[in-house]
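I have a structure here, written as structure tokens, and I will follow up with some questions on it.
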Amino acid sequence: MLNLWFTEEWTPECRFSIKIKEHFHTEKSPFQQLDFFDSYEFGKFFTLDGIMMANEKDEFVYHDMISHVALATNPNIKKVLVIGGGDGGTVREITRYSHIEKIDMVEIDERVVRLCQKYLVQTSCKLEDPRVNLYFQDGLKFVEDAKEKSYDLILVDSTDPIGPGEGLFTKKFYTNCFRALSEDGILINQHESPYFDKEAGQMKRAHKRIKDLFPISKVYQFHIPTYPSGHWLFGFASKKYDPIADHKPEEWEKFGLKTKYYNSEIHKASFALPTFVKEMLEESE
Amino acid sequence: MLNLWFTEEWTPECRFSIKIKEHFHTEKSPFQQLDFFDSYEFGKFFTLDGIMMANEKDEFVYHDMISHVALATNPNIKKVLVIGGGDGGTVREITRYSHIEKIDMVEIDERVVRLCQKYLVQTSCKLEDPRVNLYFQDGLKFVEDAKEKSYDLILVDSTDPIGPGEGLFTKKFYTNCFRALSEDGILINQHESPYFDKEAGQMKRAHKRIKDLFPISKVYQFHIPTYPSGHWLFGFASKKYDPIADHKPEEWEKFGLKTKYYNSEIHKASFALPTFVKEMLEESE
Amino acid sequence: MLNLWFTEEWTPECRFSIKIKEHFHTEKSPFQQLDFFDSYEFGKFFTLDGIMMANEKDEFVYHDMISHVALATNPNIKKVLVIGGGDGGTVREITRYSHIEKIDMVEIDERVVRLCQKYLVQTSCKLEDPRVNLYFQDGLKFVEDAKEKSYDLILVDSTDPIGPGEGLFTKKFYTNCFRALSEDGILINQHESPYFDKEAGQMKRAHKRIKDLFPISKVYQFHIPTYPSGHWLFGFASKKYDPIADHKPEEWEKFGLKTKYYNSEIHKASFALPTFVKEMLEESE
Amino acid sequence: MLNLWFTEEWTPECRFSIKIKEHFHTEKSPFQQLDFFDSYEFGKFFTLDGIMMANEKDEFVYHDMISHVALATNPNIKKVLVIGGGDGGTVREITRYSHIEKIDMVEIDERVVRLCQKYLVQTSCKLEDPRVNLYFQDGLKFVEDAKEKSYDLILVDSTDPIGPGEGLFTKKFYTNCFRALSEDGILINQHESPYFDKEAGQMKRAHKRIKDLFPISKVYQFHIPTYPSGHWLFGFASKKYDPIADHKPEEWEKFGLKTKYYNSEIHKASFALPTFVKEMLEESE
């Protein structure tokens, strides 16, 4: 009966719209506008500045893919830094590994965390894990101040490079990540999408910057229908390990984690990119 | 200035909308309503009964993936039957193999073909190839009447199993395809999508029916953002060849075809399915 | 930034949509679904079962026109019954006449009143006036039980004749209103709209039923852009007074009320109907 | 099945949308973009630069109200100038008066006329009347060049004061109209709307400019649901005749014209304006 729709303009000429049950919270933080919704098709979800961040239906795809690829490449990761990721989904996946010792999470906007703790328990449920340290600071500054070689894994779970997420796509930021990573450190970063022009440009810029810094730099893909085009990428950059050559599926399987998207075949397969994506990335190199 | 939008309801609570430059043709054939559009983001496209069929921006994904996987598994395919595929994109890809001798295309609705020949030259451009025989008939009836073992490859490029496409998802149809295929024959079929409930149900039904008939039955995935959820599947069913075990990338590379989505890594990778998709398919078996 | 829209389908082929700042309350009462919004163009508004009821921008039109026409025809009205009108806007206008002694308001759904008292103070601000008696009952039953000739004015401020408002468009209801009205009593009722088919049918049915019962039965119009078509009507039915012949602008002006839509010229003018509306009403007689 | 919608943004936060059967013509003239549609609720309609001009369902309101008010005030009008009005609806109404000798129509964009003649016969059907002279010129220039006192009636049937219609809202234009009008001449002009801010501003500016020039200057209203807010106005400016004091309903009735919106009561009533509209106009004076 109520006819209320949230729309995200994937481009000025392409819209994705979700029927809303309730828009149960809105607020402007010093950084951005936060809105929380309940929907029929996607369950609860939240947006930052009107952009879909995470929803109950398909957040598992994003959080599986940002987390497990690195752990199945280097199962000895002990110290993890999550930049952004205020909904807690990335931390939730990382806490599933009992051998991990420390998870520092740096989110610029405390309100994202607090509201997700209140309204989006599915993702935020592990933020109280004793290994988790929350820092409400600028991620760019945090890695600048981080000790050299202090993390085995950095996960950049950022918004698009507009607004608060902008600094997390700069050369300066990636350089500091490199410095903060241990000898066998891995950087996973939000890598946008090849389909629409705006995200494709951001993808190419991010790729070029990381490629110039890390000896190993790959890109992998996955299906997340609620992000523009549903065709989304992460970057895998590393000082030592190659995600295919050093993939250790047997060791990862021993962790005994039940995952809904990720599995050992998907791990390898996700690095196989369509020709047009490969060409775009090569152009940018 | 003109604010005109085409919307496809991916579900009753999720809409995908495209800004239209011009809706330049509409017509009701005896089978369905056909509409042709020009758009900003996706170029020209057409719909059947209001459902997106093919657009200039991403039809290459669908037509690459329906065609080349089979040819890279059995490069000796000579006789091909295309069921549906009225826009001509599947035939276009198949005609690129000079060794292919015969391409029968059976489209129930001649108007789809004629209008695509007029308005969507990008896909329909090879329908005049001398090896192509057009039959404007019911595909279900055509395979029933086809000689035993008369095709090496059948490509089912159908609409969703509602309306004219319905028969192309029945056990009877698949049984007749099996009969019409040679000893080493391959069947590729439109396999819907795992993400939204309606398509997921259709996916499971199609999988069960084919699995029961063919010794080898696999499913592979790809990214096509203009279909519901952007996460789409084809089925690969075969009497003899396994798409992974019998993959012949070197032979396929010798054809020298430039493709925009498909490549030899994608070939293998596309058969690696997310865990939730694997589980859905297993449930249906 | 946030792209959230409320849509009312004026017909299945015509939509009116309002950009929403916040959807700050939703609830299902035993009678209907209630939703409260804040918007850019129309300020705060609420809907019942997804239908616009009142908004801060143009509620003054509706509440002026339902109230003052009767009072300028018979300035001696003392006892008023409001049926429906849960937002309080009609009562607010009536309370401005200090000579009025009693205002009974019968609203079937207490939650409408309570939520408007909380969220829509602009309309609900006079519900605490000592002359106002609130009854949370079925209006149909209330007038059935009302004493004969106990009211000088009955204002039927109902929803459309679907759902809880249905009984307030029946012959039985109008008959009881007639009985409950004093010798010079006036009935003003929500009379729908001539423009779209559904409301035009409701308009004709209501008119026929009242015409058959009251010696004087007229219809008057006004502009309220947030109701379907913006062209809306009230019915004026009376035992004795004619709204034009007995119009007493001088007496009404003495009340010294500042009104934003209604005035003495509008009073007369609103009974002049476009030819197509007159013909529709005549057809129904 | 086909889900295609035309939307007009009445304000950036309020949309009016019409379901489309077919968008059967689009073209850019040197002046503007022209689009023709067929719809379910409103029949055929056309837009200029994406703004609704006329549709088969309610054009009668606009064309009745622009034409008959002047003729019922001065039934001896012989020479008429229509500025704009390319759809022909205004001319159609004027040709119904057999005593009218000359109708000059000045439309800047010949394509509007030619396409309406092809596609919107309901409005354009009388453009071939022998008394009609079509001039495809700038209206502003045409009145500048017009002989003094050469017309009894000027009807300004323009678009909004943006784009080609802009000059038709200037003081210079109104001054030339005054000059071109006979001693008892009447000017009727498109006067926008009081409801939304943009149109209200245009209404006030137009009113001020005309008020300063003509001894008699009034504004009258009507319901046209497909224009922003549905609450629309015309200006009546005159050298001699007052539309109320000089209203000659008996003489007009003798013309024997069947009209669907206009009638002699509506004539008078339409000049009675809501208080908020009167105040807006007074502010501007």
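A, B, C and D are the chain letters, set down in written order, and residue numbers restart from 1 in every chain.
Methods note: a residue touches a chain if its C-beta (ideal position, glycine included) is under 8 Å from a C-beta of that chain, and two chains touch if they have at least 3 such contacts.
Chain labels with UniProt names: A, B, C, D = Polyamine aminopropyltransferase.
Remember, it's a predicted structure, so these values are computed and weren't measured experimentally.
The greatest centre-to-centre gap from chain D, using C-alpha centroids, is found for A.
Homomeric contact chain C/chain D: same residue numbering on both sides for over half of the interface positions. Look at where the CA atoms of chain B average out and do the same for chain D: the two points lie 53 Å apart. Chain B and chain C have centres, each the mean of its CA atoms, that are 57 Å apart. Separating the centre of chain C from that of chain D, both taken as means of CA atoms, is a distance of 33 Å. Across the assembly, chain C contributes 5 as residues in contact with two or more other chains. Viewed as a network of touching protein chains, the structure reduces to one closed ring of chains, two contacts apiece.
Under the touch rule stated earlier, the contacting chain pairs are A-B, A-C, B-D, C-D. Residues 5, 11-19, 39-42, 58, 61, 195-196, 221, 223, 225, 229-231, 259-263, 265-266, 268-276, 278 of chain B are the ones that touch chain A when the two sit in their complex.
Partner chain B is touched in their complex by these residues of chain D: 1-9, 20-24, 26, 33, 35, 47, 49-50.
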